[in-house]
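Next up: some structures, all given as structure tokens.
You will see chain A twice below: alongside chain B first, and alongside chain C after that.
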Partner chain A sequence: MTPPPLLEIEDLVVSFTTRRGVFEAVRGVSLHVEPGETLGIVGESGSGKSVTMQAVMGLIEAPGAIERGAMRWNGEPLSGTRHGPRAAVAGREIAMVFQDAMTSLNPLLTVGVQITEVLRRHKGLKAAAASARASELLRLVGITNPEGRLHYLPHQFSGGMRQRIMIAMALAAEPALLIADEPTTALDVTIQAQIVDLLAELRDRLHLSVVLVTHDMGLVAELCDRVAVMYAGRIVETAPVQELFAAPAHPYTAGLLRSMPRLDDSAGRLEAIEGSPPDPSDLPEGCAFRTRCPRAQEDCIHDPLTTDLGSGRGVACWHPLAPPVAHGQEARVHAGE
Partner chain B sequence: MPESEMAKQADPAKRLVEFTDVSVAYDVQRAAFWHRKPPPFRAIDGVSFQIGRGETLGVVGESGSGKSTIGKALLGRAPLATGNISFDGRDISKLSGAAMRRLRRHIQPVLQDPYASLNPRMRVADIIAEPLLVHGIARGKEAEARVAQLLNLVGLPSDTASRHPGSFSGGQRQRIGIARALAVEPDFIVADEPVSALDVSIRAQIINLFRDLQQELGVAYLFIAHDLAIVRHVSHRIAVVYAGRVAEIGPRDAIYGSPQHPYTRALLDAVPIPDPARRGERRPTIRGEFGRPGDEDHGCRFAPRCPLATKICREAVPPLAAKAPGHLAACWNS
Partner chain C sequence: MGPALAQARLHSFGSRLALSWSPAQRGWQAKRLTNFILQRLWHGVIVVLGVTTIVFFVTRVIGDPVQLMLPVEATLEQRALMRHQLGLDLPMLQQFVQFVRGVATFDFGDSLWQRRPAMDIVLQRLPMTALLTAVGIGAAILLSIPLGIIAALRPDGVVDRTTVVVSLAGLSIPQFWLGLLLIILFGVKLGWLPTSGARSPLHIVLPALTLALPSLARLIMVVRTAMMDELNRQYVKVARSKGLSGLRVVGTHALRNAAVPILTLSGWEVIGALAGNVVVVETIFAWPGLGLTVVQAIERQDLVLLQAVVFTVAILAVGINLALDIIHKAIDPRVGIR
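Moving on to the complex of A and B:
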């Protein structure tokens, strides 16, 4: 029997109640993360990518609620309330790094106090041991003179350093899975690259599984093994990263890849996706992408089912792009490029 | 001499904007009343460049580099400490209030955050027509017709006019902001990170819109961004700024094809390669973070992070010197 995935989400539905009514931010998401794997969840704002991961972490708060769905950790249910699993697994075995470190750190406490708190709560360390371990963690994330820096307040660090501290805190409880939600978006370009390199290095050194939530296909290409593309609360395509970039099956994925400004093509017009992402409280009937889709036909008014394309690929589309070639052929396509 | 080299780039007759040794300084508060007053902070320091009619200069730099200050200086919203800025042959720092107001018509801003820059209580028609009224260009029916024309120009349906900005997505709001900037038929638009707040699928639309409008209307842009991938598709020339100074400036293809300044190279290296088959090819990133300690001001401000830095880099400010026709870099080692 194959071992269960590290994390498994099945048919997750998360709704939010607003003055305009109840709308679903996540509309039936199923995904899994294998041990040692880096999964990219790609989507634009409002696609539900962050909300899905917040549900895993038990961070859905009113007016949000988990309507439906199962979440399992190593095959065991992540039991909890309507707002998500209890903090037993989330926080200890699953840790999360957010986009904006300044709002996630307490501005009034030194970083040493904040890191040792995690160590005392989750690892049961005493003050001296916790303090020694905290400096070790800061050194691990590339902060020089860690013993001295433990006494600094968050604002005494630059944005890049704060993000390193957030990563150190997330690693304090020695999690098996690290969820990084847009970890570099708020940073300057050269600092983004530093944090990406740090995440890749830590993942390999500590054998972490990672879920990278991002809108940046470039980051996905650099870090991920497998990708789930989200649009309007659903996963529209899943694929191993090489296959996704070489032959996207969903028209939205293809559009995202084509519309990216890049350094290595001619600097002409960009191929844009027309229209705007739909309002989550007012989605088109059937496929939510159909109003922007160049391949849309009449039957797209019906909800597309997810088709299994084999070799770990799936697409939720009535008219996917040219069916991906078999695995061996694909390998040759790459070699020829 | 940098100035003479710069002069070769733009035909003087077509030259629209000229920065000559421009510095912008802001007063710094003393830490406590018994402390000595710190020297003013130079957000930009000795910046020179030109922009021709119908041309786009992309300005790239990290936060704190002074890239937005360059735009503010051109809009007359930053205090000049040295140098002068000329627009269409007139020195804007010497203009009287009334003349400055007339000039403002020709230089319009497009801002980063389309959520914060549009008044939520105004109808879109009134937002776009406001500059027409302020500058006494059109009113009533005439203004209404102009609004309809502008909405069409930026690709918005005509029923947009009677709605409020709250009901639009980020991309549509940015189109409204662009329509407003274009209302008075400016010669020049200062666009400060106009696509940074937008979703990925929308960015390309707005970048294309900037390109199309330039072709149609001949308007020139100062296009500010923090990322070299974004400006590539809109710029004719690109200036890379670091710590308030121009590190490198040149034609687009020269900047991407043969970058001369190590900082430009670092910015190019930092962009992820969107191709998993080429994973690991990105060169290692430069270390450290941008900082501006005052006592390092004798030398190159990039020297503390620069992999090529030598003794002279810490002792003398490198001049912005020509490396190829129209391609200048401020580096002792390039």
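Moving on to the complex of A and C:
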């Protein structure tokens, strides 16, 4: 019997109540993260990728609510309320790094306090031991003179340093899973590379599982083992990373890949996916992508089921792109029709 | 004890306020804090002088105490003599110089009405006003914080809706009318509480309540808004994601950030009570404090006593503001650095 996945989400539905009515930001997401695996979740803004991870962390707050779905940690249900699981797992075994390091740290508490409070809570360390461990963590993420820096306030650090501190804070409880929600988006390009390298290094050194939420396909290619592509609150395609890049099955994935800048392409202009993401409170019936999809046909008005393509691949599309013949070039041609 | 140690001790008070600085930064920070306090003190001196100057001239322009002090049938000579005795016949500038000289030695002169040093009267009445303000505004502050936090945690919940409605009512009712309503209810109809004077601890209940309710209304609104703002910030979400207890997230992370507006308004409420609201409340309930003294001094055109009261209140206001600035800086070391 195979061991259960580290994290398993089944048919998760998260809704938000607004003045204009109730809309579902996550509409039946199922995914799993295996021990030691790095899963990328990609999609445009508003596709529900961050909300899914916030549900795991128990961060869904009114007006948001988890309507349906099961979440399991090592096979055990993450029990909790309508707003997500209790803090027992979230924070100790699953930690999260957020997008905006500039606003993620409390401006009035020293970074030492913000790291040691995790150690006190989850590791039961007392003041001196916690401080020692906190400076160890700061050194781990590449901050020099960590003992002195413990007394600094967040505004005394640059954005990149703050993101390093966020990572140190997330690792303080020695979690098994690290969720990184667009960890580099708010940073300068040169700093982005440093943070990516740091994440990769720490993942390998600490044997972490990672969920990387991003819209940067380059980052996915660099860091991830497996990818889940989200569109309008659903996972439209999952695949191991090489296969996804070689031969995307869903027209949306193909569009995403084509909109990536390429070094070996001198065409100059980037291709974009036609149209814009649908209004989550007014989704098209059936496949949410059909209004922008070059392959859309009449039967797309029905909800597509997820088809298992074998070898861990799945796609939710009535007219997926043909499986790869040689190098995925054919799929690209199809997608460009 | 070496000089280094002595200096370290000297600076330790300032350093403790700047809680979050590394030992290496502490000496430098303590010096900055000292400069900061000196600067605010200097501003305070200007404020006190400005206020007393204004009061000095305004009171001399708007009325003539001699008219009130002597009977209607007094002769012109008698009036002139009285004016001379009080020093009111001198040119105004000369009077002002004398006044400033007196203030410098803490001598405000004798009250025209009670014929004894004005500052003695002020200092004698001040404790009663301080007590009333401390009980009234203190209760308002202590109640507003938990109520405002509960309201902010559950927007549109029962506590939130109730506090908003009650606060709006509290803000809309004029204080003098509120005092009269409370007298009618608790004094006349129910007969539970005394309504006049300060002879027993029970006597403070109604005036303190009257003083507290409008402040409580304003404070709750500010605590609620400040906490709602903070609870929606990213760092609160991060703190929750760390699996910290709700008490830690709300009480340490959010409340510390919300504390600055809450403290500022609390200070203003104390100053507002001392500088104005106690006049109404003490008059309604015959509470023998500074507010009542002010009313009596105005009625009798007692310029000297009035000056002493205004000077004292200005000093208190400046002192409270300075204390607020220091606390503010202790909470948020970024203050004054940006």
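Throughout what follows, the second predicted complex is superposed on the first by the 321 of 337 C-alpha atoms of A that agree within 3 Å, B and C clash if a C-alpha of one lies under 4 Å from a C-alpha of the other, contacts with A are read in each partner's own complex, and residues count from 1 in each chain.
Keep this in mind: a contact is a pair of C-beta atoms (placed from the backbone, for glycine too) under 8 Å apart; a residue touches a chain by one contact, two chains touch by 3 or more.
The model shown is predicted, which means the values in this text are computed figures rather than measured ones.
> Please determine, from the superposition on chain A, whether chain B and chain C clash or fit.
Aligned on chain A, chain C fits beside chain B.
> Could you tell me if A:260 is touching chain B, chain C, both of them or neither one (first, second, both, neither)?
First partner only.
> State whether A:25 touches chain B only (first), chain C only (second), both chains, or neither.
A:25 contacts neither chain B nor chain C.
> For A:161, select first, second, both or neither according to whether it touches chain B, chain C, the two together, or no partner.
The answer is first: A:161 touches chain B but not chain C.
> Have a look and say if chain B or chain C is in touch with more residues of chain A.
So, of the two partners, B touches more residues of chain A.
> Quick check for you: in the superposed arrangement, does A:151 touch first (chain B), second (chain C), both or neither?
So A:151 only meets chain C here.
> Tell me the contact category for A:122 with respect to chain B and chain C: first, second, both or neither.
Second partner only.
> Of the two partner chains, chain B (first) and chain C (second), which one does A:213 touch, if any: first, second, both, or neither?
Neither chain B nor chain C is touched by A:213.
> Note down the smallest distance between any C-alpha of chain B and any C-alpha of chain C in the overlay, whole angstrom.
Superposed on chain A, the two chains' closest C-alpha atoms are separated by 7 Å.
> Where on chain B does chain A make contact in their complex?
Contact set of chain B toward chain A: 62-63, 169-172, 199-205, 207-208, 211, 226-230, 232-233, 252-253, 256, 266-279, 282, 284-287, 289-291.
> Can you list the chain C residues touching chain A in their complex?
Those residues of chain C that touch chain A are 20-25, 155, 233-235, 237-245, 248, 252-253, 256-257, 331-334.
> In their complex, what parts of chain A are in touch with chain B?
Going through chain A, the ones touching chain B are 44-45, 158-161, 188-194, 196-197, 215-222, 224, 241-242, 245-246, 255-257, 259-264, 267-274, 276-277, 279, 334, 337.
> State the interface residues of chain A toward chain C in the complex, per the touch definition above.
By the definition above, chain A touches chain C via 57-59, 62, 87-88, 90-92, 95-96, 98, 100, 103-110, 113, 117-118, 121-122, 148, 150-153, 155, 166, 169, 173.
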